[in-house]
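Listed below are the structures to be examined.
You will see subunit A twice below: alongside subunit B first, and alongside subunit C after that.
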Partner chain A sequence: MINPLVNLFSYGCIGIGLLFWFWGTAFLPSRRSVLFKLHMLSIADTLGSMAILLGLLLKRPQEWPLLVLAIISLAIWNTVLGYVLAYCSTTEATHD
Partner chain B sequence: MSWILIAMILALLIPIYEACKDENIWQKMLAFASIASKTAMISLFVSVLRDDWMLGAVAVIILSVGNAGLMLLAHVIKRVSQA
Partner chain C sequence: MIKPIVGHLILRLTIWLLLTSDLSGINLAMGLAIALLLPRPDGRSIAVGDWLRMLSKILWAIPLAYLEAFEMLLRPHTQEDIVLERVPPQRSSQLIFLDVFVITFTPKTIVLRYRQDYYEIHRLRPRRTGRELEGHESEE
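For the complex of A and B:
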């Protein structure tokens, strides 16, 4: 009884992740500011990818070390990259 | 599962289009950052499909080391634009 439920939940997570991907990335070609797009991308790429990884984790629980490592490094490095891009792209006047 | 892979590749095309189109260096950096994490996710997804965990290890390495490279590049661009 559990297997169909786990399968359904894993496809649900992957579907939500894909939704975040398309929703956050759709703003990229628009004429908005760098920081706005960065915020949208951090939602899309970080949260969306983590939802997809959660779906994959449910599909392959025996590979949990690698997938948990991917979730952790995704969460840390995407967030830090977003901070560095925001810091470097804003004009010098606001920082020095 | 392959339709999910096709949808992921379609989502990858958007930042590739943005990276080609936009002239502003920071908009291009955003697009490259998005391409990097999306390609790593796609290769991780393919590794689950094929049950080939060498590919999965490569994807996790891309997720951590690839972003570090982009961070260094962002600082170099900032210094060059200040000079």
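For the complex of A and C:
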């Protein structure tokens, strides 16, 4: 039986994660620049998914090794691939 | 001074232990063997103080990223600009990687390019209100 306070906190984290998911991806069909969409996707993908995983971690503490690994992998890969996409989407500017 | 291999060993062994979730001696030995067999990074040793400063920066980046996300949710950030941030001198490649990671992890900033002595950062800002604009103009 999960402590009701932990349960509430867990659903709170999952709710925030879902809010970030939908809010961050809502900008994809807009006419904004690729970099603006990348900023929003870093909220949706990285922070939103990390919040959902934290919520799951509170609900299923016995699965902590895999959930912590998922959180670490999400943080590293999403951020590094965000940098790679940002790098590829801009042309080399000369500052001479 | 901490050699680069020590940091990589800790990271590799942590990932191995999380993946297998088994703390037995044999599994630990296997993880250590795999961590040592994987290609070694080359680079300069890093001072312990620099490592600790970077670790605290990474840990602080997590709540900061959520704070920035809520700020962007409550106050739309529609303005984009590019700023340059100087790289501290004699920075090792590992610390430069972690700098890029921390800057890109926070949602308001993304590193576009790393040059020899500075990072090129794409930043989102909220639109200035009329009052702020008036203040800025009077300053000029």
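Observations on the model:
We adopt the following convention: the second predicted complex is superposed on the first by the 89 of 96 C-alpha atoms of A that agree within 3 Å, B and C clash if a C-alpha of one lies under 4 Å from a C-alpha of the other, contacts with A are read in each partner's own complex, and residues count from 1 in each chain.
We take it that a contact is a pair of C-beta atoms (placed from the backbone, for glycine too) under 8 Å apart; a residue touches a chain by one contact, two chains touch by 3 or more.
These numbers were taken from a predicted model, which means no experiment stands behind them.
In the superposed pair of complexes, A:Leu53 makes contact with subunit B only, with no contact to subunit C. Ranked by how many residues of subunit A each touches, subunit B and subunit C are led by B.
By the document's definition of touching, of the two partners only subunit C reaches A:Val68; subunit B does not. Contacts of A:Val80 after superposition on the shared chain: both subunit B and subunit C are touched.
Contact with subunit C, but none with subunit B, is seen for A:His39 once the two complexes are overlaid on the shared chain. Across the two superposed structures, the residue set of subunit A contacted by subunit B and also by subunit C is 38, 46, 66, 69, 76, 80, 82, 92. Partner subunit A is touched in their complex by these residues of subunit C: 15, 17-19, 21, 65-66, 69, 72-73, 77, 80, 100-101, 104-105, 107-108, 110-113, 122, 124. Chain contact summary for the complex, subunit A toward subunit C: residues 19-20, 23, 33, 35-36, 38-40, 42-43, 46-47, 51, 65-66, 68-69, 72, 75-76, 79-80, 82-83, 86-87, 90, 92.
Residues 4, 7-8, 11, 14-15, 17-18, 21, 24, 26-27, 29-31, 33-34, 37-38, 41, 44-45, 48, 51, 53, 56-57, 59-60, 63-64, 67-68, 70-71, 74-75, 77-78, 82 of subunit B are the ones that touch subunit A when the two sit in their complex. Considering their complex, residues 14, 18, 21-22, 25-26, 28-29, 34, 37-38, 41, 44-46, 49, 52-53, 56, 59-60, 63, 66-67, 69-70, 73-74, 76-78, 80-82, 84-85, 88-89, 92 of subunit A touch subunit B.
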